[in-house]
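In the two complexes that follow, chain A is the common piece, with chain B as its partner first and chain C second.
After this line comes the complex of A and B, so read on.
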């Protein structure tokens, strides 16, 4: 059902290319490729270049992965090193 | 002295604009360093922090950022609006930025390592936006309920404080008091420069807010608890410093407002700046006499403050009107401050602090506390006495004449029970209410008056429409008489005098009568003598005539005998 509207957007907020941020990008790409092909597109936002966005999207911790749709909004913080856990949380409210 | 001390210590300080606090800390909070303000819920942490921040933006040209983790910015704006801060205006002028950092733990999941760089970025953005010199974090402890990994959080908070120090931000961090520690999350270990503890204690159902500077590195500070107040004027700290006995004394004499009382102390009244105790039983006229002092000050063109713990303003005005003194014009004219508060309204210390603040603002020359005995239910005697001592010292240091009324419960042995009080006072006027011949009469006695020659007489204290009069008692039959007894004695005297005068007139008249009678008798006798004299003359002339006749008869006889 949820797939009908095409791939959903995930936004990963980072602040500079720190080891934690790079690890998060790497982990997320892997998860999407291996476990969720075609279901999500990933956008990486570097808040160092645009700190205004941190305020707008209420980002405190870095890195933060935001899934705005479907509701409720989910935020996962950390370097996403535990793929199983990430999958569980991305699927909340998604699969029936 | 304050300035030099701050200078020597080498710490620069930022004024908070909080009444009393800047004096207490000799200049405010440490500039460019974090200060922890902690206390229990509802003790005024947020208000303290926001006053510091908004005052900085408005008064001291130091823009600020308010970071709120709990309350919404709208709530903060409306909370301080009642205290006269137009935060919206400050925001529009770009002097204040309100940053709301809300974290909803239910939508958040922690997977792996993270940091709080987002928070740093947002703070930096806000700081740069207004050019902030001050920042408030209220309260950063909320982060501990949002994130589950305390190790990361602690490291990040330490980094945050270091970062704020590097940026030279004068920071206030608020924290809720925990069990056995100053804050729940032990924030105090990150803040080493200045820690302020706010407290809100209830004793005998009376709450008192107190503040204590737990730590203030690099500066001298008192560690005493200091009361503070949150009212319509916002946050004010009320240092109740104890003062020494080195106040200047004045030789100037001021009238008590009762001419007869002034005349009892060689006619000029009491010294300015002394403390005067008026003690007496219920209904002996303490408040009225005290109010006379206030009225006299107003008449002189000075200001007087009347702190009443039993009567409202209108009540005092009405009562004084009954003895011919109208206080209302003085109140309206801003010369008389009537401050009424029930003793149970505040704690002792808070009462003292509030009075000191009012006195500081109003700057009166005469202060009346009516009555101080009202506090005895509020604390033990020692506490009341120490509060009064501070009050007396405070008034003396400002050369304010203090009048304290004290309700005695009994007239017997009063000298002893009030011994502690009396030693604080320079003058002690005792008002008595004595039963004599079936009626109670008020009496006034000047028990002591330091440095003043005074009458040792017990005077009768009379209140009427024409004011207060002190009447010398009638001394007769070896005792003083007052009231009706004095009046009847005086009447009897008057009667005796009248009788004596009448008697004198009568006797004078009698003597004059007798004198007149004697004179009349003299006149009558004299008339008799005159008559007799005239009789003698008549007889004499008849004799002469007879003799003449006899002689002529004889001659005629001789002639006729020639015929012989």
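After this line comes the complex of A and C, so read on.
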């Protein structure tokens, strides 16, 4: 269900063009386009060039997707190839 | 960062869950990089788990042939500059649109299948795509590749368009040469200036020596008799070399073992649009056609001659039958009977292509209107003869007249009468005697009036001194001695 406050931000942390980073971008684009149109905007953060940006969300493994809102913050670790698992994580607490 | 004691149990639980999730993702190969805090000064650093990616990329860039790496899903991970050149696409476009989008559905399926199978074994195949309006062909080889924690497929691409085109050209030339060699008609190919470059066996037979390398006009020296001097020697070839087609001009080819009549056609040899490479000349042997034309003319003349003869005969029969019959009905019966007799002989001759007719067959045919009734009282003794058309037609008429007379007035007009036809065993003075003898009929008296039937009998075979017929009016029965010229008997059948 779309929130009246507009699309929420997702942050995807990657490391250059590693195969899993590329796969995560592709998989996330597909999930958002097919299952969640208009509900999220995605910011891709490349930690290869700016590793210190990992601090903000305490990122350890790459790729990692972070949903900041609604709280609590949620992290989905991996290349997002399991679309159902990603959707379950993104939707938890969404309807509250 | 907060100390562990300050954290709520909920936060601790969440962190534990995240730590477990990271370990699971590492174990399952879902991540390929880690952020390590190496110290207070240098801060965070990223370590990739995908092996030495940079060196494999450098290696791929150094290659001349197109190379790419695909992940497990068949998505492009990386492609080198040579491959971008090969498919004429910018690297950025490749990553945006996907490498597979270059190909149509069929070729996409080929590549997808290859990427799937390459995980187990090396795969190679061909792809084609349209580049700047032209079909380009790629040969690809795919094999599995391990990039650190990631499994991938490495594929190399080679452009084989030029090679295939060259092979097709060679194949086309081989086919053209074999067509040339297998053509039954003479075929000659010349270059742009009229020098013979190819000539098949039939063409070589029209010349004194191998014509390749000679001027066409010199090698074949065609003589265009029907062209009244307007076209000579190389003139028609010059027309073909100028781009015109010349169809079916008759000429004589005098350079072969014998002078041959040929039908010459010539056309420009176009290798591409607006590009001419010489001329193709075909020379069709007309000897067989000329012979057939001659035979046909002969047959036409023969037919004309026969039709005229037959019409003259019909007119004569009509006139003479009219003169000897007293009533219209009598005329109709006699005239129709004679025309039918003529037609019956014609039919048998026509069935045998006007070669010859057997005496027994001729007699049976002419007696067919009476044969049902008189078969038992009719005997033929002696050899059978093969009779040529010139004698067969008059003999048919004679038999018809004798049979008609016998049925009306003679031996076949009564129950006890009979007819015997005897063929003499040996010819005598250039003729073979056939005797028609009637027995057991009413007493015969020589008629006072000489009817047309008698004229037909006595004159029909008199076209030569060796032919003729003589009627004797014996009281016991009519007797007719027919002399058949031996020159009109092709053989005797014992």
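Definition applied: the second predicted complex is superposed on the first by the 93 of 96 C-alpha atoms of A that agree within 3 Å, B and C clash if a C-alpha of one lies under 4 Å from a C-alpha of the other, contacts with A are read in each partner's own complex, and residues count from 1 in each chain.
Everything below uses one rule, namely that a contact is a pair of C-beta atoms (placed from the backbone, for glycine too) under 8 Å apart; a residue touches a chain by one contact, two chains touch by 3 or more.
Not measured: the values here are computed from a predicted model.
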**OP:** Go through the superposed model and pick first if A:89 touches only chain B, second if only chain C, both, or neither.
**Re:** first
Subject >> Touched partner set for A:77, first chain B, second chain C, both or neither >> reply: both
**OP:** Determine, under the contact definition given at the top, whether A:22 touches first (chain B), second (chain C), both, or neither.
**Re:** second
Original post:
Is A:62 touching the first partner chain B, the second partner chain C, both, or neither of them?
Top reply: both
Subject >> Doubly contacted residues of chain A, that is, touched by chain B and again by chain C >> reply: 15-16, 18, 20, 23, 47-48, 51-52, 54-55, 59-64, 72, 75, 77-79, 81
Original post:
In the complex formed with chain C, which residues of chain A make contact?
Top reply: 14-23, 26, 47-48, 51-52, 54-55, 59-64, 72, 75, 77-79, 81
Subject >> Contacting residues of chain A [partner chain B, same complex] >> reply: 13, 15-16, 18, 20, 23-24, 27, 47-48, 51-52, 54-55, 58-64, 72-82, 85-86, 89
Original post:
In the complex of these two chains, what residues of chain C are touching chain A?
Top reply: 10, 14, 18, 21-22, 24-26, 28, 30-35, 43-46, 48, 50, 53, 71, 73, 75, 77-78, 147, 149-150, 152
**OP:** Quick one: which bits of chain B touch chain A in the complex? Just the residue numbers, please.
**Re:** 99, 101-103, 107-119, 121-122, 124-125, 143, 146-147
